Amino acid sequence: MVEHDGADIRGQKDIGRLLLRCADRPGLVAAVSRFLAETGANIISLDQHSTEPIGGMFMQRTIFHLPGLPAARDELERDFAVQVADPFGMDFRLTEAAKPKRVAVMASTEDHCLLDLLWRNRRGELDMSVVMVIANHPDLADAVRPFGVPFIHVPARREIRDEAEQRQLDLLRGNVDLVVLARYMQILTPSFIEQVGCPLINIHHSFLPAFVGASPYRRAKERGVKLVGATAHYVTDDLDEGPIIEQDVVRVDHRHSIDDLVRLGADVERAVLSRAVLWHCEDRVIRYGNQTICL
Amino acid sequence: MVEHDGADIRGQKDIGRLLLRCADRPGLVAAVSRFLAETGANIISLDQHSTEPIGGMFMQRTIFHLPGLPAARDELERDFAVQVADPFGMDFRLTEAAKPKRVAVMASTEDHCLLDLLWRNRRGELDMSVVMVIANHPDLADAVRPFGVPFIHVPARREIRDEAEQRQLDLLRGNVDLVVLARYMQILTPSFIEQVGCPLINIHHSFLPAFVGASPYRRAKERGVKLVGATAHYVTDDLDEGPIIEQDVVRVDHRHSIDDLVRLGADVERAVLSRAVLWHCEDRVIRYGNQTICL
Amino acid sequence: MVEHDGADIRGQKDIGRLLLRCADRPGLVAAVSRFLAETGANIISLDQHSTEPIGGMFMQRTIFHLPGLPAARDELERDFAVQVADPFGMDFRLTEAAKPKRVAVMASTEDHCLLDLLWRNRRGELDMSVVMVIANHPDLADAVRPFGVPFIHVPARREIRDEAEQRQLDLLRGNVDLVVLARYMQILTPSFIEQVGCPLINIHHSFLPAFVGASPYRRAKERGVKLVGATAHYVTDDLDEGPIIEQDVVRVDHRHSIDDLVRLGADVERAVLSRAVLWHCEDRVIRYGNQTICL
Amino acid sequence: MVEHDGADIRGQKDIGRLLLRCADRPGLVAAVSRFLAETGANIISLDQHSTEPIGGMFMQRTIFHLPGLPAARDELERDFAVQVADPFGMDFRLTEAAKPKRVAVMASTEDHCLLDLLWRNRRGELDMSVVMVIANHPDLADAVRPFGVPFIHVPARREIRDEAEQRQLDLLRGNVDLVVLARYMQILTPSFIEQVGCPLINIHHSFLPAFVGASPYRRAKERGVKLVGATAHYVTDDLDEGPIIEQDVVRVDHRHSIDDLVRLGADVERAVLSRAVLWHCEDRVIRYGNQTICL
């Protein structure tokens, strides 16, 4: 199971996260850790993965403590680029644990995923700042109100998709680092996905790639499966085909009606989506082709 | 989770199992239990299921204790047919717990499912008599020998399918109540399935309906799923489409190679197949369309 | 896994539940089902259990459909007593699915179990009517308000236990069928448990019997266990020793601090408590000595 | 879930494992990785853990590839001691992946843990060489024979404990790197544990610390728990109190007799013990007080 950063780390102002990716070669770990040591940073944790024993893609996530990080951040980034990233041909990203990601949640009428995200975040379990909830139905406004998060009703259905997406883009663009589709039941166009300018995470109510598309619980019942599941994945232009971040299942049997599958599946959906959002917000998820590496 | 009959029941000579199926209507449970009570039988357990609250298909499995069952069996069957089954339009089956099913296991070169079945059966965990192992490769002969079960090598590959199936049918027909395909890697023809004259259970190395067909672990790796699974199902003419008896999954992540998935999946395969075989041998599995009811 | 009654059953006015318990003997199932058939009732489901193959305690839960049940209920109860229960020496209870149990939830400052019960009930997943929340701290008043359930603050701590319990008894006695302790952190006296006049269900934050008593997560960390769990049980005079209704666990490892165990355990606590409350409200849980039978 | 080294690593002659432990301080990862880089070694994977964010105990496991390792090993060890370990006050251990640990398995009459270890090892799933099986009963000799491992019958019971332990020590001392107690039902004396000169891993048939001591399944049934489990731990002088390496559980209910718990628990025991042995053999398990860190 993927880890999470503890309370000691989350929100601390001198804690940084360094993510990087490059072709694997000897000396990578040494180069990065030497750079950090010489800067005065102490490595708190370091996770790496190579897609192949030799000649694969190398990825590393490093959490470090550096007194004065907020002031030193920009210089650190420049120095790392010159001294390490450029010589090794690395992509990298440097983030501060004290700056949680700004997240918008999009929902329709189902409350379980939305409320679980809001509630966990209020408890401090997730590492994000929910800046708005956008819903294409007004039903969940009352349930969201106690959490103090703006609830914005943007009617959306197939016939008015263009206007709806334009209004959503006006709200989102530049304002959020992540969009979470918490059982948002409208299809988003490739144009929207391109323009929104940040990743989107969706929860699909089946164990993908089984039951791609509509009505997965009904089809699960018809096929007579003994487990139903849920899948959190990044949204791409191909419906239900994006990189999978997390999945889980629950046992069912012949006594369960389709309604029962919906109810039991809801528990799995909210758990899976919450884990995927947490890992994303903690900079743990690296996309690699159509797969994810969760460090 | 489906139950199993305890050691108190398995193999006891006065214990009977009554399975029945008919259109649901009031008075079914009463009619059956009154019949048994008047016969002097004591109901040890009774499980029933109706596919709909009203107007569905009714299924019931009853375990009862009747002193002198072996001698009384035939008369009991006739009386039940006349007094209960015919009036209610029931299909039914009456079996004796003391007569375990005769089972043939078909295997190729992978030992994990085959050996787990043989081990569990030697320990008394399964309720069957393994009368032969048929393999299309000789590799597993040594591993089977200590169990005292005949190992029969019947070479089989696409080019000689007809001769192979004929030899297999000669061995199986009339001699077994169940054929278990324990990672038997050859496709069996509809003609074979029809002629063999008993049910076949197969283990497929994926969580069906995901990854139907060949190389499921490789395709699971390519899709980046976070769980891999296995499915035990009855064999029908449509490959991997038969009624599912049991499924399970195990968690995997980016660090696992395809070989790792094969290794981790093997544990799930053997557990799932063993449960499916046990439930079948205890007359718990009722086929209903392309689904199973496991009572 | 224990089942639940589907949406077809819950709240329907002509659906009854019959629970009974007596020394096992032949003819019990027949007598009960004949009685119901002759009354015009159709058995929807029937689950029974005997603690021993012969000579044990027999328990049965029967769901039936009887047109006109609300009007016929009292007479049905009398007739069953005379015709079946008395001759067989049965304890029994007849309830109507249309009359959900009246439940009080007692809480302190932790919101996860309380909110999950209220959420699930609002979604129609549980089969109860929450008539009040009693808390010994005012903290959760705002979180409860949107659910439209009375929130009553009754300060309680060791020094004022007698007055607090008296106030609680004044609120509860005669008004509720079940009290749920949703991480209510005060010990209740045997006198309270006796006087409250209905069962109490508690959630303990460990996998009992491991870590009975205070600070189970801290002690779990110190012992280095690899799983932490939660246990829902009926409250008896012996702390953490009452009959267990449901338990579950979650995997942890060396990277988890005590705070992490608290966070991960909270998910298990709320899931386990919700299942136990549902099963109790559906009349599925039969106490037998210090164990429970969940039919 | 703890990882395992892939087939790419296991048994490769140029792959080394470096385990180390010291008080945490800045620059540790850098110092070790620089040393390896300068030696010409390529880091394949690196896992570390610190028991506290600041001021804790630091542990690291590094897998590296160094051409010519077998010849260079001794010099590498000396250099690392002088250049890194001594300055930082480290304990460390350097092992070669090509040299599997020599393991003795001790058993009594239960075959499930023993056979699962032997079978997995034959498949190449474990990273060990089983050099002998010592049993205090002759029952399992036939089952062990096909695996080609010496089976040595050393009668042992309370009355002849001293002689038995002396014979066992004569067999084990100097010949094995690990002793696995695979449901070996005799208590070993502190003197034996001290003299045997290598770690011992035991499988206890309960979810410790629940049901320490004898007859855990019977006591689990009596307490009415809803899950039963198994625990693999290092053996210390305190029975069932040693550092836990791995645990798992399986769901049970009121229908299961004690015999059923034994049967279902056996599956958990063999899985848990196999994982613990694998992790130990791959140098993943670091003892820290009475806990284990599994990297």
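In this document, chain identifiers A, B, C and D correspond to the written order of the chains, with residue numbering beginning at 1 in each.
Here is the rule we use: a residue touches a chain if its C-beta (ideal position, glycine included) is under 8 Å from a C-beta of that chain, and two chains touch if they have at least 3 such contacts.
Predicted, not measured: the structure shown is a model, and the values here were computed from it.
K.L.:
Given that chain C and chain D are copies of one sequence and touch, is their interface built from the same residue numbers on both sides (over half shared) or different ones?
P.N.:
Shared-number fraction above one half, so same.
K.L.:
Any idea whether B-C or B-D has more C-beta pairs in contact?
P.N.:
Higher C-beta contact count between the two pairs: B-C.
K.L.:
Report the chain whose CA-based centre is farthest from the CA-based centre of chain D.
P.N.:
So the chain farthest away from chain D turns out to be C.
K.L.:
How many angstrom between the C-alpha centroids of chain D and chain B?
P.N.:
Taking the mean C-alpha position of each chain, the two centres sit 37 Å apart.
K.L.:
Just curious, how far off is chain D from chain C if you go by their C-alpha centres, in Å?
P.N.:
Taking the average C-alpha coordinate of chain C and of chain D, the gap between them is 42 Å.
K.L.:
Considering chain D alone, which of its residues make contact with at least two other chains?
P.N.:
Within chain D, residues 1, 6, 8, 49, 251, 255 contact more than one other chain.
K.L.:
For the complex, give me every residue of chain D touching chain A.
P.N.:
These residues of chain D touch chain A: 1, 6, 8-9, 25-31, 33-34, 36-37, 40-50, 53-54, 65.
K.L.:
Provide the residue numbers of chain C that touch chain A in the complex, in ascending order.
P.N.:
1, 3-4, 6-8, 111-112, 115, 119, 123, 125, 142-143, 145-146, 251, 255, 257, 259-260, 263, 267, 271
K.L.:
Which of the residues in chain B end up touching chain A in this complex?
P.N.:
Its residues touching chain A are 1-2, 49, 207-211, 222-227, 229, 243-244, 246-249, 251, 253-255, 288, 290-294.
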